[in-house]
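Labels A, B and C are assigned to the chains in the order they are written; within every chain, residues are numbered from 1.
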Amino acid sequence: MTARPEELTQTTPSPAAPVAGAPVATGVSVRSAGLDRTVLALAVGAALVAPWILHTPYWLNLLVLICIYATVNQSWNLIMGFAGIWSFGQLALFGVGAYTSALLTYHYGVSPFLGTAAGAVAAVLASMVLGLPSLRLRGAYVVLLTLAFHELLRNLITNDTTKWSGGGFGLFGFGQYGLAGLPQTDRMMVFYYAALVLLVLTNLIIWRILKSPLGLAFRALRDAEPYAVARGIPEYRFKLLVFAISAFFTGLAGAFYANFLDAVGPSIFDFGLMMNLLAMIVIGGWGTFWGPIVGTILLLYLNEALRDIDEWRVLIFGLLMILFVILLPQGLIRPLESVADRLGDRIGRRGERAPSGGTTG
Amino acid sequence: MQNLVQATYSGLVLGSIYALMAMGFTLVYGALRFLNLALGALFTLGGYVAWLVAGQWGLAAMLGIVAAFVVVAFVGAGSYQAVFRPMIGRPGWDITTIIASLGLGIVIENVILIGFGPRNKSIPLLLEGGFRVGDLLRVQYQQLLTLAVSLVILLLMGLFLTRSRHGLAIRAVAQNRDAAYLVGTPVHRVFAIVMAISAGLTAVAGVLLSAVFFLNPGVGLAMGLRGLIVTIFGGLGSIVGTLYAAFVIGLLESYVSMYLGARWALPALFAFLIAVLIVRPGGIAGLAEEARV
Amino acid sequence: MNGATNLAPILQLTGVRSGYGDTEVLHGPSIRVGDGETVVILGPNGHGKTTLLRTISGLLPLRAGEMTFAGTPLTGRPPDAIAGLGVIHIPQGDLLFPEMTVLENLLMGSYRAPAWARRQARLEEVFAFFPRLGERQKQLARTLSGGERRMLAIGRGLMGEGRLLMIDEPSLGLAPVIIEELYRRIGEIKASGRSILLVEESAAHVEELADRVYLLESGHVVREGQPNELLADDALLRTYLGVD
């Protein structure tokens, strides 16, 4: 009855036109496997070397946070950017992971390793509680239902006066996986490499999912939902599945975060933090694979660099978010990629000449 | 009994403010099909404009309400031209507008923070004093004024939408955009008007509520969420549904505050909303498909 | 009657191309409507008649070619500006405001400023024209029958005081009695001196009304002429319109 704005001058959308979902319709870019491998090798190399160059607790702390938030953002991007689920419950699931692990270790003496695993499982369970009713609903309802879940958790913990959950003060002292005795820098190094493993693992699995038939089905659902549904793609079950996968890594990251900080409190549900994460994805390029990672690194760095103009930081991020949505909806990653592609062409040509290039199978 | 009467009364006052706030969401959703999540920040902005006009410059409090409406309405219309209009015609309208409006909310909130600082402010009461009705009820003139202002504005909105040329145009655009174009409705201007009115209504809600509580740059978040709850509960885009929902939510919040304590009000609303969405995703009482904008 | 072709054109289309998505529907027909003239475009369904009207009124973007109305180029103008020039597009009955009353629908027809001031007078005319609409003025548009919707669409068009009325298939899906009634009304509109561009699938009712006729097939104008010569050509009608 009511036309959507995108049909402003066209009441009968062409079947080829994107119908629902994320603004970025390209998905995982199709480029030479050689270039992808080059980029990947460079990225992993840089990630391995970085802590030896930035070898102070201050920078190491930042590097660990980058790994944790990039994991959370990539998981969020999986559901919002690729699967078209407009969930704002990401931070809530992160919090579920953190609190589950913290509570088990703090109250019941459960090993922090076991607690971390339990945090991931708890986040999956919570995602099912959230997903079963909401994933059948229209987008706007999903936004609100997930926001409501987030606020409900935050309020329940903040209002808890029994001290069991720590209430507004939070809980602390979980032993940092038994590393508490190490010198600070060494401890940070261990945490960093562990966080890196978490990040790489998450990304590898999400990459596999996106390249699998499931990932293809999602792109079909996102870009032309009626078509995909008509082709018999069981949308609801797929969405639940991918929601659970995303929640698993998010919960894992949350539990790791609690143990890394050795503390957890309701500030983990801070709305400003959620907006920060969203800005990272949007500015990096949502619905793209590398976008959220690039965005996380960039914004966390900016966050530190702009410390001197503290009160302007958030304003700038908000402004950037608007500008990117309007002017560069595919995020920073597209211009970055076209540069990489040009470089890649050169590397690729050199690779063809050198027999040991190893880019061709 | 006394508590019940008092809570019912407070709930109705609260509901009338929520109705203003939720009408803002409903109008925009009805006409433009997007959730304007910047409205929470516009609520706050309205409060600050009134604080400036009535609290700082010492002008009449009523003038504060008017100023808040006008200033924030301009911000709303401006945000359409600058932010949302360029996005029309792009894929993914629903979600990109949500993200842009969140960004807009962040910007407005932080402009307020930088401009006015984080400390609580209070708007002078529009009316002092009150009276008692026997043992049952304590009534403050401020509350009566709040009820009166909200109801008058809602009534004027109703008349505007059904009687005036621009009001008809808003409903026409919401119901069938192509048909509205065919009769010569300047659709973009109508959208800007809708954004202006919705922002203005939200601002008035901001003034009325901040006059009772207090004002800081962050108050919009919780209020925005309440407004959203009412809007969704009322069936997204249904004006009549929104009105019912506003009073139901206002009463619910008031009863929970009275009997369980104020800090449980918001959790109760969220739990209630989640339950409603699971059982009846279309909003209350099947009003969803009736009486659209 | 034959002099009609010599009238100064109020609407001039030259090589108009338009369509939906990747599909081009209009492959460059050229069509002209003289001032005060009634032009009928005949053609089978799905061959671009409605697309043509939607392109003229600006709902569909023009991809190539030119359109002028009373000497003003229409290209690139938004639909509301085109309506503001006096081009009134009367759709098939699907482009109404479903949750508004008959009265409100009609009032929206007078939305543009000069017509709005005279809306009461227009309203009386429309109610005199279609008494049925007067009886149902408080009813929501979505509750009307097919014929009533068509009357409402035409009534809304009359509220706009346009210089050119473009009417999309007034006879579609209606009972014969109502069709005749409608055409009688359209004849009266014509007598009032307004230009009319009418599209129809069947030639049954238009011979009396039309000053000139175009045959539109597969997005091309295949014939143009006086109604008496074109409609007398049985072979032609059989070929293009499937009339026996």
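Please note the rule applied: a residue touches a chain if its C-beta (ideal position, glycine included) is under 8 Å from a C-beta of that chain, and two chains touch if they have at least 3 such contacts.
Keep in mind the model is a prediction, meaning the values are calculated, not measured.
Put simply, the chain nearest the middle, going by average C-alpha positions, is B. With B-C and A-B as the two chain pairs, more C-beta contacts join A-B. Chain centres here are Cα means. That of chain A falls 54 Å from that of chain C. The distance from the centre of chain B to the centre of chain C, each centre being the mean of the chain's C-alpha atoms, comes to 43 Å.
Between the CA-based centres of chain A and chain B the separation comes to 32 Å, rounded to the whole angstrom. Shown for chain A are the residues that touch two or more other chains, namely 1, 9, 11, 17. Looking at chain B, one finds that residues 175-176, 178, 187, 292 touch two or more other chains. Counting only residues that touch two or more partner chains, chain C has 58-59, 79, 98. For chain B in complex with chain C, the residues that touch the partner chain are 162, 165, 168-169, 171-172, 175-176, 178-187, 291-292. Taken in their complex, chain C has these residues touching chain B: 57-59, 78-80, 83-84, 88-89, 91, 95-100, 104, 107-109, 111-112, 116, 156, 160.
Residue ranges of chain B in contact with chain A, taken from their complex: 29, 32-33, 35, 83, 86-96, 98-100, 102-107, 110-111, 113-114, 174-178, 187, 221, 225, 228-229, 232, 236, 263-264, 266-267, 270-271, 273-274, 277-278, 281, 292. Put simply, chain A touches chain B in their complex at residues 1-9, 11, 17-18, 20-25, 80, 86, 133-134, 136-141, 143-145, 147-149, 151-152, 155-156, 158-159, 271, 275, 278-279, 282, 311-312, 314-315, 317-322, 325-326, 329.
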